[in-house]
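As written, the chain order gives the labels A, B, C, D, E and F, with residue 1 at the start of each chain.
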Amino acid sequence: MYPGSFDPITNGHLDLIARASRLVDRLIVAILRNEAKAPLFSVEERMRMLEAVLHPYPNVEIATFEGLTVGYAAERGANVILRGIRAVSDYEYELQMALMNRRLRPEIETVFLMAGEAYSYISSRLVKEVARHGGDVSGLVPEQVCERLRWKLAGPA
Amino acid sequence: MYPGSFDPITNGHLDLIARASRLVDRLIVAILRNEAKAPLFSVEERMRMLEAVLHPYPNVEIATFEGLTVGYAAERGANVILRGIRAVSDYEYELQMALMNRRLRPEIETVFLMAGEAYSYISSRLVKEVARHGGDVSGLVPEQVCERLRWKLAGPA
Amino acid sequence: MYPGSFDPITNGHLDLIARASRLVDRLIVAILRNEAKAPLFSVEERMRMLEAVLHPYPNVEIATFEGLTVGYAAERGANVILRGIRAVSDYEYELQMALMNRRLRPEIETVFLMAGEAYSYISSRLVKEVARHGGDVSGLVPEQVCERLRWKLAGPA
Amino acid sequence: MYPGSFDPITNGHLDLIARASRLVDRLIVAILRNEAKAPLFSVEERMRMLEAVLHPYPNVEIATFEGLTVGYAAERGANVILRGIRAVSDYEYELQMALMNRRLRPEIETVFLMAGEAYSYISSRLVKEVARHGGDVSGLVPEQVCERLRWKLAGPA
Amino acid sequence: MYPGSFDPITNGHLDLIARASRLVDRLIVAILRNEAKAPLFSVEERMRMLEAVLHPYPNVEIATFEGLTVGYAAERGANVILRGIRAVSDYEYELQMALMNRRLRPEIETVFLMAGEAYSYISSRLVKEVARHGGDVSGLVPEQVCERLRWKLAGPA
Amino acid sequence: MYPGSFDPITNGHLDLIARASRLVDRLIVAILRNEAKAPLFSVEERMRMLEAVLHPYPNVEIATFEGLTVGYAAERGANVILRGIRAVSDYEYELQMALMNRRLRPEIETVFLMAGEAYSYISSRLVKEVARHGGDVSGLVPEQVCERLRWKLAGPA
């Protein structure tokens, strides 16, 4: 299971999903429903973008969840939580979360994959900031997301 | 003096207080009154929890303060500010604060103790997040806090 | 070009500007207009403080901008974006921004200068926090800023 | 494939092998033959210790190799290189190696697992240093290794 | 001045020199004569490789030096020492060196440029290690260096 | 107890000893006898330099030891091991050592003090490197050490 906000999915996420889908039998890409974070895209919009981008991967399923990540992983019978790592600051937070998750559900393992170096500086947050100021984000997010971002940020919201 | 938010006290804090109380003659555990941070527990609730947990330590006193940490330390005649360190990101912020505090009050020394490795992933923030989603936090916080957390999060707020 | 919030300018910023002004022909100190960050000082106040402090540097110009830093740099014909580095956490964010900026405008180079060790713990945020609680910030910010801070924080806002 | 020096195997390595053996069909624990590093135990001794410790894991095979890790992984048909991560400094070196390995053999993925927090401070190097000065290393290395260490360090070499 | 061992020059160094040569009037690439480090290539060989690779850059000069970097910089009238930064561990050592150099020669500024993300994992040490084990290093070092490495490592030494 | 190599003592060490001597009743500055590290100064020379520099501190005692630090601390009845922290890389190694020491002797606490920011870049290693190349190290080490360094490096060894 690969949990995240995917608000929106970036080419860094996509690279990780492509790598991971070759290593595991079945991969659940799980969108966290967290309205407190004031996402740019609704869960439904994020889901539609993931569907558009991930349909070439037959063993990848898209889902949404609320609450604790390990709780949902256990519910779905996932034995691995997949996380991407980039910078050192990411990594510390990820380790802390992984240790907590191990304490809550010792039978679920957190496994880290490395984002490609070409994606090391891409985050959903930075992509949104660049797009908001009219910067070109093609190459940073999948083409379908690129259009949606333009449309979203030109709109009344 | 060991300043903090203690919202709520965790087993990591408790481990540190137990270690420190053996090293110094007298230890003031000082709760920062900082309403801007929207705490889960009121200062009074945090104080009652600290009292319940810390009464086995005769040389530990509980207090609350507002404003600058070094200001309150000077007021109380404390010559050491105690801080726990865990991860690298903590550590950088702690060093920056300690250098600033040294500049403001050169006569007060900041001293760092290391949290036990079993507590390295426990923070008040993470504990609250787990409890909020119905995860089990026994073993992460003292028993008395455990009950209060359950009661608080089940309540109307 | 040296972009930043300068809310307010600190002695760390000033040290960097002094160093940089000796290395380049012309330096634009560019204040980012970002109302979303709820600054303490208005852009106009920040500009007046920069003018008061920077008039001894004949090759330093003060400006304000909105939107992407590299966009404004390109508009002004700047070929270098200057950034100061202090702690490791700064540095990671700075590298990520610099890689993104390079992608958006490959012809503009980000160059890092090191703040003096005496300024390693000074940030605008920490200075405001100390001043807000009545701590003495002389020596951390230029004298003119010191007065403004006192006046601002004593006022109705 | 889990490559390493294993000079000697510690309880941290063992924890990782136990976790990993549940995630993969088959795990090769591969000892790097690197005489330049002046190991304490010969490759043959390290192999015998690994055999003694790992025989409860039916899907774990022990091997030795020389040269590039990815070269040996490719030769053995392994599609994953497993690495444990602990501290930040480890992590940076590991990421650099993983990016290099990806460049040399893009079809082999490096996957990171987290050592248990109880093992975060155990390294082969530190264990040897403690043992060399007569410190007690039981609990840090498997029992069989404990005896061998004592015997080795009491010997003429 | 850009000081280093250049044993051998990598594409990461070359990327940095290309970027820096556009920012400054004149750039001295200075090879440190440090026999204590047991280099693979002699200073003369390193110099010939640098000459072969750097002749397209008319404002770049190649030199060798012994002793303190800032001492040589002062001797040559350089007012800037250029350093590339990649990982966090690099960065700490570089900051420490830069602070020491500032203390020894306050008039010389250390300026950091960021290596391209495609070069973030390339170091002379890693390149030599890969080449030594027969790995392909084309794309990691300039073509001329590639040949020399192959020839050197096939030789009697 | 403050253990170290002190090869030689720097102003950073001295600053730490001065701070610590005000916090504790009695401080043992303990020189590690470690011939494997090929020190510049013999243990006897280091001891004489420490004596010359530390005689103004009546509650500071100088000693030498071999073997495990916690072993010697226990032997001397010290209940605290004092360590200085500067950079992040230091810090990680120090934490690892401190956790190991806690495991070996749970009754001895490792306590970290922060070096003054003016000393953040001074290490014995760097001081020796600068002195070796004829750089001026006054202000980095106590005056008495300065002379010894000059004499030592001018000598036949």
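Operating definition for what follows: a contact is a pair of C-beta atoms (placed from the backbone, for glycine too) under 8 Å apart; a residue touches a chain by one contact, two chains touch by 3 or more.
Quick caveat: nothing in here was measured; it's all calculated off a predicted structure.
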Along touching chains only, what is the step distance from chain B to chain F? 1
Smallest number of contact steps required from chain A to reach chain F: 2
Using the touch definition from the top, list the chains contacting both chain C and chain F. B, E
Is the contact between copies chain B and chain D built from the same residues on both sides or from different ones, judged by whether over half of the numbers are shared? same
Geometric centre distance via CA averages, chain E-chain A, whole Å: 38
So, what's the distance in Å between the C-alpha centres of chain D and chain A? 32
Which parts of chain B, given as residue numbers and ranges, touch two or more other chains? 88-89, 92, 95, 99, 117, 120-121
If two chains touch, include that pair; go through all of them. A-B, A-C, A-D, A-E, B-C, B-D, B-F, C-E, C-F, D-E, D-F, E-F
Listed in rising order, chain C residues that touch chain E in their complex are 19, 22-23, 79-80, 85, 88, 91-92, 95, 98-99, 102, 109-114, 116-117
Which stretch or stretches of chain E touch chain F in the complex? 67-68, 70-71, 88-89, 92-93, 95-97, 99-100, 103-104
For chain B, which residues count as touching chain A in their complex? 87-89, 120-123, 126, 130, 133-136, 139-140
Which of the residues in chain B end up touching chain D in this complex? 88, 117-118, 120-121
